[in-house]
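Below is one structure. I have some questions about it.
The chains carry the letters A, B, C and D, assigned in the order they are written, with residues numbered from 1 in each.
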């Protein structure tokens, strides 16, 4: 068991070394690229969950009956697209990634990559007419976890300016927090309403989409910031 | 409901701030990379829609009967490949992405990622002999929406030179508009003909491929532009 | 039909303009990235073609009977991996992409993305014991088309040094041609032998893998070239 | 058979040329991007292996019975995420890729891309109650091969500093070796225990996750290294 002990010692000593301000931090560029890839794949896999009608003799009717699949496809595509935008907003202000951030981000990706399953469940429940409440709560719960992880990642990076870029002022950091914080509550409310009446719950979740596509108040865009910096430099 | 109000206020104030010429604009590079990923995945998922023949004892006959799947695969692959090229042509001339452009582009990707479903529907209709008209109209309608979104995105970026690069002259911008504008009409005609006779409609849609693979008249390629600029700089 | 004529005129005039040495050429970097994405997805989708045994009570036996799926997975993965390497070798020496190259490359990607289907067909034929010859010829034919397209792309770029980088000397260009030329013949031979005896044909195709993983004689690696250039510059 | 001989000669002469210290080496950036793509796809395809319950009338119960699928999804996602992190750790210190490294890395990707199959097998075994031992050994064996390949790649690159960056000191190289070496043994132990009692084996494999998410002792992060280098340069 020598290797085991050696490995254990190694990580124990690592903990002591973690007083170093840099430690095993690395450029978040790769993390962002990897996250983009997972999000792009998750969003494109959604289409595989739509099952073509088996009765090809009445194709028009069969296609019409698939409306819950189209709705679930569109909602989930837009919600994941939104997460993609907000993921970039967040990582525009993060200068480096430590192991904890890598782990938290992997958990977030795990939840996002799970959404095609939740989405197909929702569609099939509305198609069959059974289990709508269950499916909506399952779908909503998945989003709540994703929304919580967004908040956890951002607050972890922001706490004591642990991982923020030097160009990120505190107002911007606060504006992003303000933007991310309502999300879990909003979806919890939508999910709870969905437990009473699925369609009402769905409408509340859908209402979430336009709100989160709006720009973030007080957040200075990356281009503007860069321009101002370069002006400051000259 | 404090968070709700705070969030609402935030976005309301955002609207007022939008008079700023820059706002939450950002470099479109990530948007292009993300779009490339979605397009690459959509195109590669097409193969999953081809179902191998169940009767393995007469594999040759089974494979021959799949010809509509191969045709649908090839047509859709080339059409999406075409969209990929034209997406780059367009974004070569867009200097930054605001939230509206992000939203429009997400809608476009949503439609492109839906094409494998429409393509498999088309293939199965021609294989079973049922629902050819319905499947062709469904397929054509999906393309029409994509073609309209291409035009909307470009005109949005071009309007008052809102998001164009400074290197993009008005002739080039007009040449791209001229290229994109016929697409929805072309496919509407193909789809309408397909409602009368599916094979004729399909042929019109296929005829669309060679036309759109041609270079755009009057559009100056990005390499040439760069060379001329660098010459100008010296 | 005004738009139709306008569009037609546009492309007709384009043809006249094509005397320009640059035309609509663009940086091949995006083409390479897009190709990498399609190849990465095709290779990773291979696993979806392996169907888990239905009889879970005798899982070990069921897993053992899947051996043709594992073999097809490994062969196809290595062959596509090989294509990825050779695609890079080729595009290291291509300075820009015109529309024809874009089209040829899209055709190549279309064939590569089709391989998971051909591979699954091959595996199921050996599993069921039916249609081995047909499946092997189908599989081989797909590769032959890919190998021919590799040659067509390279000769198109090389012809009169049409699209080669200035750093590519004629020896290197010839070495790459020599490398690509045998591939279609080799696989045609393997496929023809497979028509007589499937296992022999498969062995010939597999023998192709180690040969094509070897470095290309006379080709100067991109790193070495860069070093020499930078030496030359100083 | 002229082409055959020519090709054979070519590779034979290549072998003689391999005394050159550079040969066909190339920048590993593309290899890393390609690997990232394959890993991102493999991880996102995991969700397709979760089959929604067929009995939609008792959806809640059906979803609850899928717990092994959720567990397999989470474990495999975290293990592949871990591999992604360690793949970067490794390639941060590799300056160039020769053909052997390309081949070894392709083999590693082949094993990683196979994991969704092994994961779905594991989930279905626990769901059906049959074949748990077989499935766990199959799953564990796949990981052992991946862990061995990690070691082989690193030792190949490290041997005589064959492919290491000049910035990589021997302590860092050794620290990475120490980190990678226990992995195959750990998973062999977990798999062996799983052959006796599946749940115990699974717990040992899961215990592997937190250990490998820790930073590597003695390894200097890429950011820190870069900073020190740039300090040294001035």
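Assume a residue touches a chain if its C-beta (ideal position, glycine included) is under 8 Å from a C-beta of that chain, and two chains touch if they have at least 3 such contacts.
It should be emphasised that the depicted structure is a prediction, and the values quoted were computed from it without experimental measurement.
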Joint neighbours of subunit B and subunit A, given as chain labels: none
Shared interface partners, meaning chains that touch subunit B and subunit D: A, C
Angle, in degrees to the nearest 5, of the Cα rotation that carries subunit A onto subunit D: 90
Inter-chain centre distance, subunit C versus subunit D - centres from mean C-alpha coordinates, in Å: 25
Subunit A and subunit C: spacing of chain centres that average the CA atoms, whole Å: 35
Per-residue multi-chain contacts in subunit C, two or more chains: 33, 37, 41, 45, 48
In contact (per the touch rule at the top): chain pairs: A-B, A-D, B-C, C-D
For the subunit C and subunit B complex, residues of the former touching the latter: 3-4, 6-7, 10-11, 13-14, 17-18, 22-27, 30, 33-34, 37-38, 41-42, 45, 48, 96, 98-99, 102-103, 106, 109-110, 113-114, 116-117, 120-121, 124-125, 128, 130-131, 134-135, 138
In the complex, subunit A residues that touch subunit B: 33, 36-37, 39-41, 43-48, 50, 52, 56-60, 63, 73-74, 77-78, 81, 84-85, 88, 92, 175, 178-179, 181-182, 185-186, 211, 213-219, 221-224, 227
